[in-house]
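Going by the order they are written in, the chains are A, B and C; count residues from 1 in each one.
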Amino acid sequence: MYSLAELADRLGLEFAGDPARIVRALASLEAAGPQDLSFALDGRYLARLAATRAGAVILPAELTAQCPCDHLVSAQPYLAFARASRLFANAPGAAPGIHPTACVDKAASVHPDAAVAAHAVIEAGAVLESGVVVGAGVYVGHGSRLGAGTRVYPNAVIYHDVWLGRDCVIHSQVVLGADGFGFAAGPDGWEKICQLGGVRIGERVEIGAGTTVDRGTLGHTEIADGVIIDNQVQVGHNCRIGKNTAIAGCAGLAGSTIIGANCTLAGGVGVVGHVEICDDVHVTGMTMVTRSITRPGSYSSGTPMSGTRDWKRNAVRFSQLDSIQRRLAGLERQQQKNSDKG
Amino acid sequence: MYSLAELADRLGLEFAGDPARIVRALASLEAAGPQDLSFALDGRYLARLAATRAGAVILPAELTAQCPCDHLVSAQPYLAFARASRLFANAPGAAPGIHPTACVDKAASVHPDAAVAAHAVIEAGAVLESGVVVGAGVYVGHGSRLGAGTRVYPNAVIYHDVWLGRDCVIHSQVVLGADGFGFAAGPDGWEKICQLGGVRIGERVEIGAGTTVDRGTLGHTEIADGVIIDNQVQVGHNCRIGKNTAIAGCAGLAGSTIIGANCTLAGGVGVVGHVEICDDVHVTGMTMVTRSITRPGSYSSGTPMSGTRDWKRNAVRFSQLDSIQRRLAGLERQQQKNSDKG
Amino acid sequence: MYSLAELADRLGLEFAGDPARIVRALASLEAAGPQDLSFALDGRYLARLAATRAGAVILPAELTAQCPCDHLVSAQPYLAFARASRLFANAPGAAPGIHPTACVDKAASVHPDAAVAAHAVIEAGAVLESGVVVGAGVYVGHGSRLGAGTRVYPNAVIYHDVWLGRDCVIHSQVVLGADGFGFAAGPDGWEKICQLGGVRIGERVEIGAGTTVDRGTLGHTEIADGVIIDNQVQVGHNCRIGKNTAIAGCAGLAGSTIIGANCTLAGGVGVVGHVEICDDVHVTGMTMVTRSITRPGSYSSGTPMSGTRDWKRNAVRFSQLDSIQRRLAGLERQQQKNSDKG
């Protein structure tokens, strides 16, 4: 619960309205009531802004004239909303200390103000720095390190020799450091290539539920500072992902893929192995990246959705595309001949 | 073990044959023996029906003449088979009570006939109604609620403020209520938007192994009664999924997607964020849904599979499609000119 | 730590150089130092081979002349590298015995030299043979069997009636034996088809993190000897996968799919249900397999990646392909008429 003046102060924003107005929660323009703070990002929010019952709204200067209620003015209203959300954070915290049912090896190092929840297992040589929160049932393998303030949600698994920097967030069912898919064809079938490297993850990295990051084969799989990864993403062995890159849900990176800084991969993107994507590349949803990308920009593949009947008619022609092109070239030659004659 | 007459009675079906015939198990027409019950859905099963050694078969009236053995007649034989399968259910049950290794907070409410297995963790404010079964290693967060008869399989994770209705089935490694992928670009990289909402799931919802459903940003992510979701599906924050909709494996819904009732999304379908799909829409496998769908019907995208050599030849032409169309239009104009002349 | 002579002996390879040279680790040609062993597979490695500081290199005979250091000669250098990797394996082992926090049912059978880690749960009727390693928090259901030497990593879940042969490796968050996606449409919505079968997995099968294999509906889901499956793969109920087939990350098999021996499915491939793929089939990344494949060979679908602007221009033409083909046919008829006249 904050007063409007207090909110403005904490967010570093100018405000208009009653400084003593009480704000109890964040809500969308549609759902907000008189004790809620909401937000409007641009002109597309105008109709909802006009109709809102919110007590106060974060908005850009150009919307203030149309705002029916108190407001906080920000040149970056979405960023201001993000910061406001942290003032209302409601996720349950964790008390420091090791739960009696947790199994912490004598040769592990757990900072006194770290929290280790029920049934967690911390192996020898593991290091949990100050403020680390390890959820129920989490496994932290031999020699793995969690930097100060890093939080790991229940049942996530961190294999041995996986290092995370400060202030990372690892959601449930994540697996960091499982073996990559390395096998050589032998006389009696596949022979395993032992995956001898680890995983090195920077600071402020967030990894969504069910995502898997394989350990390196010889060196390490590397994820740089500030990378954000959504749910159910697969990162193969030996990948390197550059600073502040964002990877949306269900994307998959095959082994030894290198991705630059400040890239965004949308949902369901697949990247073949051993390619390199430079900085500032954006890949649209479900694109299949089959070669290296050396210039910043936006890239895509796939076909547009249509009704299934129309789609079938068109899709069958896809398999005739080369012949269509050859027939077209034939007509062009014929026409050229005709016009040469004519 | 049932007699044929007893089976017919329980399934509400007419039968022909020996009422005292003993049926011990369900099996396919190919695998069934004299003490097994099998099923045939339509004419495509005729050859297998003729050859079966089954003791009895569930089938529609039009197949009775060709049936070599006892049978149960149903106008909806697949539904009758589903109901028969429940008579032979063999999944191990769970005894009521809290396993001594489970950690149940004093401020949680667990119905006396609910079952909480080994190493499960139930946080403060959580509510487990009558007949709930919580498997080994499951985590149920603060204030989350499991309706009567709901079963959660081992190691699934339910974050705080996630409510499930009666008779839901949640398979292993499911994550309900992890943070959605919400970040705003700040001066030093991504800034997290705290995900303040919860998840609200109706009655009789089944969610397959490894599926993730993110919590809402401000309001709740919502899944209506009777929805069925297969394995490894990703449901982003703020999604709403309508009654009795079915979503097959590996599908992914980006944030704020709204899906109507009685829809089916086939395997691997991806739906972009902030779109709305109306009731009674069917989307075929691996389709990329990039816009709202406002009319019931079937929708598709993608290209047909072929041999890789042919595919390469055709795929390269895809990148020339716009030029192919322009060349074609040029020829048409030329032809028009010619015929105007002629 | 090995001497070069000892390495050559263990790998069964000829060597050139100092037999007493000490090798402490495996490393890539770029990263290797004087006490490291590296490898070069073919001519593409020549520049890196020339520049390497490695103490010794595994390579094929044709590269020996250009090798600046000691070497081990192999006709199959990648296989030799795989075998060398096992000499340097560094994954922490597990001491035999049952951890005091594990819950092992009295009616389970655990071999005295099997290892059961903290908080694992082993149900009645389960069998763990000699040398089995069950990681922390793993669940093994009623009547399931782990063959000698099989290792299961932390928090994986094995439902009831799932059998694994010798020397399998199951990574974290894997789910074996969850219910398949079987439902019949009833008057009030979906009615569940109980999944009465189990899972049968052969010897030397490796299954990557987060992969799910559903139990069979009536019979068993089957995975043959030597199959390797990467992370986050979905295998539907009743599938059968043949010997030594390899399935890369994020692939999905719908129910009742049959895949032959020695196939490779690349990352993100989707296979529709009830189709059959013969032996020796290779499917390229993200292909949608919508029909049975009866001839060995390589198969593909999808469209090539390009810049988003170009892609949009071409993709819109995809929806016009049938009309493009009809326009083309019209021009061809017209041309034919003209040339008949001319």
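Convention: a residue touches a chain if its C-beta (ideal position, glycine included) is under 8 Å from a C-beta of that chain, and two chains touch if they have at least 3 such contacts.
Being a predicted model, the structure only gives us computed values, none of them experimental.
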| item | value |
| --- | --- |
| Same or different contact residues where subunit C meets its copy subunit B, judged by the half mark | different |
| Turn needed to bring subunit A onto subunit B - CA fit, degrees, nearest 5 | 120 |
| CA centroid of subunit B to CA centroid of subunit C, Å | 25 |
| Multi-chain contact residues (two or more partners), subunit B | 101, 119, 137, 155, 173, 210, 232, 250, 302-304, 306, 315-316, 318, 320-321, 324, 328, 331, 338 |
| In the complex, subunit A residues that touch subunit B | 25-28, 31, 76, 78-79, 81-83, 85-86, 88-92, 99, 101, 117-119, 135-137, 153-155, 169, 171-173, 204, 206, 208-210, 225-226, 228, 230-232, 243-244, 246, 248-250, 267-268, 285-286, 302-309, 311-312, 315-316, 318-322, 324-325, 328, 331-332, 335, 338-339 |
| Partner subunit A, residues of subunit B touching it in the complex | 101, 103, 119, 121, 123, 137, 139, 141-142, 155, 157, 159-161, 173, 175, 178-179, 181-186, 188-194, 196, 210, 212, 214, 217-219, 232, 234, 236, 250, 252, 254, 270, 272, 282, 284, 287-291, 297-304, 306, 310, 313-318, 320-321, 324, 327-328, 331, 334, 338 |
